[in-house]
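Sharing a structure below in structure tokens format, with a few things to ask.
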Amino acid sequence: MQFLPDEAQSMMRDTVRRWVEKDYSAEGDSTLGCDPDRWAFLAEQGWLAAGVSEEAGGLGGNAFDLCTIAEELGRGLVRDAFVPFAGATANLLAQIAPGSDLLQELLWGGGRPLLAHSEAAARGEQLFIETTARADGDGFVLDGRKDAVLGGPFATSLLISARIEGEDGITIFQIDPGQPGLTQQSFRTIDNRSACNLVLDGVKLASDALVGPRSGADNALILALDQAILASCAEAVGAMEAAMLMTRDYLRTRKQFGSEIGKFQALQHRLADMFIETEQARSIVLRAIDAACGEDVAQRQRLAAAAKSRVAQAGLFVGGQAIQLHGGIGMTEEYGVGHYFKRLMAFDLYLGSGNAHLERFAALQQAERT
Amino acid sequence: MSFFTAEDETFRLEVRRFIQTALPLEMRERNHRAYHPTRDDVVLWTKALQQKGWSVPSWPIEYGGPGWTVRQRHIFEEECFLGGAPELSPQGNSLVGPVIYTFGNQEQKTRFLPGIISADQLWAQGFSEPNSGSDLASLRTRADRDGDHYVVNGQKTWTSEGHFSDWLFLLVRTRQDGKPQAGISFLLVDMKTPGITVRPIISIDEGHSLNEVFLEDVRVPVENLVGEENQGWTYAKVLLGEERSFSAMVPRCKMEFERLRRNASFSRTSRGRLIDDPHFAKRLSALEIELLAHETTTWRVLAEEESGHAGAMPTSSIIKIKGTELLQQIELLSVEALGLDAMPVYPEEEYREALPATMPGPVHAVGVTSEMFYRRAATIYGGTNEIQRNLIAGTLLKG
Amino acid sequence: MQFLPDEAQSMMRDTVRRWVEKDYSAEGDSTLGCDPDRWAFLAEQGWLAAGVSEEAGGLGGNAFDLCTIAEELGRGLVRDAFVPFAGATANLLAQIAPGSDLLQELLWGGGRPLLAHSEAAARGEQLFIETTARADGDGFVLDGRKDAVLGGPFATSLLISARIEGEDGITIFQIDPGQPGLTQQSFRTIDNRSACNLVLDGVKLASDALVGPRSGADNALILALDQAILASCAEAVGAMEAAMLMTRDYLRTRKQFGSEIGKFQALQHRLADMFIETEQARSIVLRAIDAACGEDVAQRQRLAAAAKSRVAQAGLFVGGQAIQLHGGIGMTEEYGVGHYFKRLMAFDLYLGSGNAHLERFAALQQAERT
Amino acid sequence: MSFFTAEDETFRLEVRRFIQTALPLEMRERNHRAYHPTRDDVVLWTKALQQKGWSVPSWPIEYGGPGWTVRQRHIFEEECFLGGAPELSPQGNSLVGPVIYTFGNQEQKTRFLPGIISADQLWAQGFSEPNSGSDLASLRTRADRDGDHYVVNGQKTWTSEGHFSDWLFLLVRTRQDGKPQAGISFLLVDMKTPGITVRPIISIDEGHSLNEVFLEDVRVPVENLVGEENQGWTYAKVLLGEERSFSAMVPRCKMEFERLRRNASFSRTSRGRLIDDPHFAKRLSALEIELLAHETTTWRVLAEEESGHAGAMPTSSIIKIKGTELLQQIELLSVEALGLDAMPVYPEEEYREALPATMPGPVHAVGVTSEMFYRRAATIYGGTNEIQRNLIAGTLLKG
């Protein structure tokens, strides 16, 4: 089991961290939520391909590599939709379309295909979708909606999950964002990222829009979503650690009643609890990464659920206490510690809440026993 | 719920009916979204209440208040919240007004109280400073006597509604030596006086209700000193003690709990409505039970106030702690209950007045997340919950 | 709504408190768990009749009176089974057998009839019993078991709840403890009280063993159990307050690192939280008492459930922290602060756990809505 | 679970097989009830392990230990717990043994180590005093030099297994002036020496494992001084730092979690088995996830120890806090899961050796509640969790 990055991963981590600290800025970003040139840089660096096997066309890394990068991006509250593209979509395509041009251009630049799977009513139930596809001659007609697709406005093509009427499994369809019948409503998220809702109203597609096996993407989807969950957990751990350290620094400098407030034992203990929560979150993510690198599919799912549940709980605590210990200044948009809380709140909402995954974990355990 | 008498319930109905008739529908909807109130809404609503003699609910009759009992005030506040009325500006109503009628001179009463009652003059508070948060007595803004004026220099912060207020009440240092508390005075300042600059503080809900106020050689006539020079700390302390049941936030907790319950009946899951999910129902119930307990504790404090002999314990600290922590729990669950519909920002300036034609989520999602973000301050302002716990322990260990 | 005792209740409270502080001692108690003379004293004082209406044969008080006494007994960790007799049984008989001799001797001395209703599998589901009664000529034959009947060894007759085969409701049967077919296994509880399990193996009863309406005791049982829940909540509040004050006193005197440990802010805040929890517990009990004095049956049930849930949670926190803040000395059987924790643990187990009542509250609310 | 290598897993199987063959069945059942171990069981089991060379698992080979890696020690401890072996006496094994082989002289090593390895001599610890709990350095038991003896006077407390131990190791004050830490020495005392009185402390589980030890003019030969006079604090500190992953309580948490899960499959509800109730399953899952995280943190600490470069953070404090708090949560839920079957006292003296013919509850209920009561001490001993949080914050704020 890997606890620390190896030498190559350390170098990569340092490179990402340096870039985040020195070069990254979201100042001039358009409403797309990311700058195409910056994204091209990420692709060039190989960061988008870091977690994809060589056979599929990636750099040959695994969940550890992916999460190492994600943690650094989370630490710097980078807004780019790294997890949806490099976590969920890349992992899905690596399974259902390994070696494809679609995956190649996602990993190395050129195109930005994005999985659009989330529907509000699913609430973390990974295979619950109501979007349907109806056979229509050689092609299909899609109806339904996708909610809060993170990174959606930045995608060059959308990979819509839908159930073909009369069939059991889920199928992935590739759609151009400009496709007639598709309405895209973009919005800014509470943590200042870019997302969109999609409404599909009789979207006509040719048969070649189908990506991967017809009505057979279910397992690949679960694994891809769980991979994205781990990467977003790593982002959250990065954000938590940053918030904790920022609070630590504040306690060392802020004075009230004649001394640094870090001298007050109740605040010390709160800081200690923030640290403990951060470390517990890191531990469960490491454990889930380890499972994700293994062969036991049930174990992978269980631990992804465990990680999401535990990290979300830790995140809201750490983010909330970071504001509390800062006092008034923590409430200001300008100072910034509150941005960690917002990111950690958004993290809880993304891909099923921590609570939903606790219930998922319990259900998986009960299924295991019976 | 027999805390309230039959007369109380009659009074409650009267208040409810008045709100239903006097409060414009669009204002109610605006306020149910729980964004920061605008000046226009506050003024309009205060004036509507003034017609009934209700615009300064906590004041005694002799100064223009309705002379209500504490439970009537509680009922009034609750009905206003649940009915969607904008909150009355607390600075005039609960803070500077009582200081003026208790410690001010006749001229000050005549000059300032009518403007508060009519909302013709809105007030802002200048207590906190960047380096004086919980440790308020360490404030450094100074007022130096120059003939029949004070010359004020310094900086105040967390000034709610400072951007649309007419007057500012200040704690300033008028003596530099001695104990920090001893040299503080209480001044009333016209915000149009030269030398005052107001700079907005955008809070993490992306809303604007807070401000910094910079004071540079601001000349304040000596007749605007309340009470005696260097006695301002005494007045402020009395005033801060006044808040008591106000800080319990029972009406706001109830409003937010009802919003959560309503919203959870709109949220869908793969098995039906979220409200019908047993796991969710259990979490909701835990909050509801806490709210019942908290409301009852607040009633106990009200009954104590009524009986005139407050106990030895700082019960106001308990209800401040519980009210604010419960409010945050309710609001966190509210956001979670919205699920992906909580992801979009619904910015105050676009959603406050009227809803846009297209929205990234359902109507009931509007304002939920920003309210939750804003109320992270509830455990900080009005004396942080850490300070409140110090107070409770201090009383216990002394007693 | 009543927050404080009135004059008569204050006098009664002071009398009980003085008796507990000065006269009460469980030293010489037999394994019955109570001394018959002491119990006779309680009856003489009218404490057993305090919560029963005049019509039924009591003193005309209500749940507030009952709880006022219970709180004082809890404060002194009195072992006598006041709640099972004066709470559950008296309230049940006041409903199904008002004015009866059975109730009279319970309230004023002479006999100690005791409701034996609890079965382990019920876990707080108040009408779940598996004990059955089969018609047999004029009489009945009972089979089943009752678990952890608090005060059982001290009872002079047992009121067994059972379902008559083929009928819907619950019936109460009076049984002599020496009845053939009845096995009574007495034990000491974790909080040093006396209880027993009962096994009924073909217990033959005449028709006059039936107390109250045949197959019609259900509603009376719920109300009686809820009344007992409130009284035991009041006991718990008394115990919590005593534990909190004992801890407060310890913090004022114990010295470590050169000063009283009450000077350490983290401990101060824990003490503050113990106080807050105690007050929240008191509040919900007062609210539930108020409902219990009202007519709205659904509201009574909801608030009894709310009270049990909230008080149990507070109790385990306060009891646990009382030990923690005492440190090692708190772990000793001799010092005594741990006895509060044990009582509060036993309180959680009695009549359905706090968690079970939280689920009950949720179910009642859901039923209300639909 | 790939923290452990294939060789580790082979080792685990070897340990497991050994326990299965060497541990008497009735001893396993006794220990699964989690009461305090008896001297007989400890001695018997230690001697069985001695046959394999495993009786002092953390010691290096040169002193008679197996020379295991930290992960082997962890595996060994876990298998022993889950297999129902009695805990090895920690006083000799983990405390005084390492002090003697690290700081003792050759004669002391020759004289004392074999008795620990064979359990022919059991040890008790005399560190804490009634007025020196968390503030250990304030201890007052004194040893005054008198010829070639020290004369010891004072009182020790919380002495685990003191009632059946042969030797006692003591921290005593040998100098009264200077810093409190500076005048402390480390003495080895034969418990048969005149002047020693052991008085049992019954803990709230009604069990007897703790004792007070009174020392009145106890004459200890100077050759029983470990290391140098007045340097005892240094040795004790090293020793307290040794505990690290031991204090994580992962094996105990796992054992108790498994017992809880098993018991919940026996507990009935109106709708079937408790383990199948979704609400219960959710609460169980929250604990299981915490246990997974905690175990992983402990592995991280083990890996740190292995790599030889411990990080700057007091990770041992984290795992001490988490392990003990999690253990208490698991055990509280265990009691709740038993429901009414948790009501009876199952006294250690009646239930430890063999179960009585009739019992007021099922077999699986025995020992659950008393274990829960006893482990309330887990957050107190070994440095209270408050002290641990001080340490973490101190390191963070300094770093």
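Think of it as A, B, C and D in the order they're written, each chain with its own count starting at 1.
Criterion: a contact is a pair of C-beta atoms (placed from the backbone, for glycine too) under 8 Å apart; a residue touches a chain by one contact, two chains touch by 3 or more.
The shown structure was predicted, so the numbers you read here are calculated from the model rather than taken from an experiment.
With every chain reduced to the mean of its CA atoms, the largest distance from subunit C is reached by A. Between B-C and A-B, more C-beta contact pairs are found at A-B.
Here the CA centre of subunit A is 43 Å from the CA centre of subunit D.
One inter-chain figure worth recording: subunit A and subunit B are separated by 38 Å, centre to centre, where each centre is the mean of the chain's CA atoms.
Taking each chain's centre as the mean of its C-alpha atoms, subunit A lies 51 Å from subunit C.
Listed for subunit D are residues 278-279, 282, 386, 389, each touching two or more other chains. For subunit C, residues touching at least two other chains, in rising order: 264-266, 268-269, 359.
On the subunit D side of its complex with subunit B, the touching residues are 278-279, 282. Subunit A contributes residues 264-266, 268-269 to its touches with subunit C in the complex. Across the complex, subunit C is touched by residues 1-3, 275-276, 278, 281-282, 284-286, 288-290, 292-294, 296-297, 299-300, 303, 313, 315, 318, 321-322, 386, 388-390, 392-394, 396-397 of subunit B. By the touch criterion stated above, subunit A contacts subunit D in their complex at residues 1, 3, 248, 251-252, 262, 265, 268-269, 271-273, 275-276, 279-281, 283-284, 286-287, 290, 293-294, 303, 306, 309-310, 358-359, 361-363, 365-366, 369.
Subunit D meets subunit C in the complex at residues 128, 131, 133-135, 138, 157-158, 201-204, 206, 210, 267-270, 274, 279, 283, 328, 332, 335-336, 339-345, 358, 360, 369, 372-373, 376-377, 379-381, 384-386, 389.
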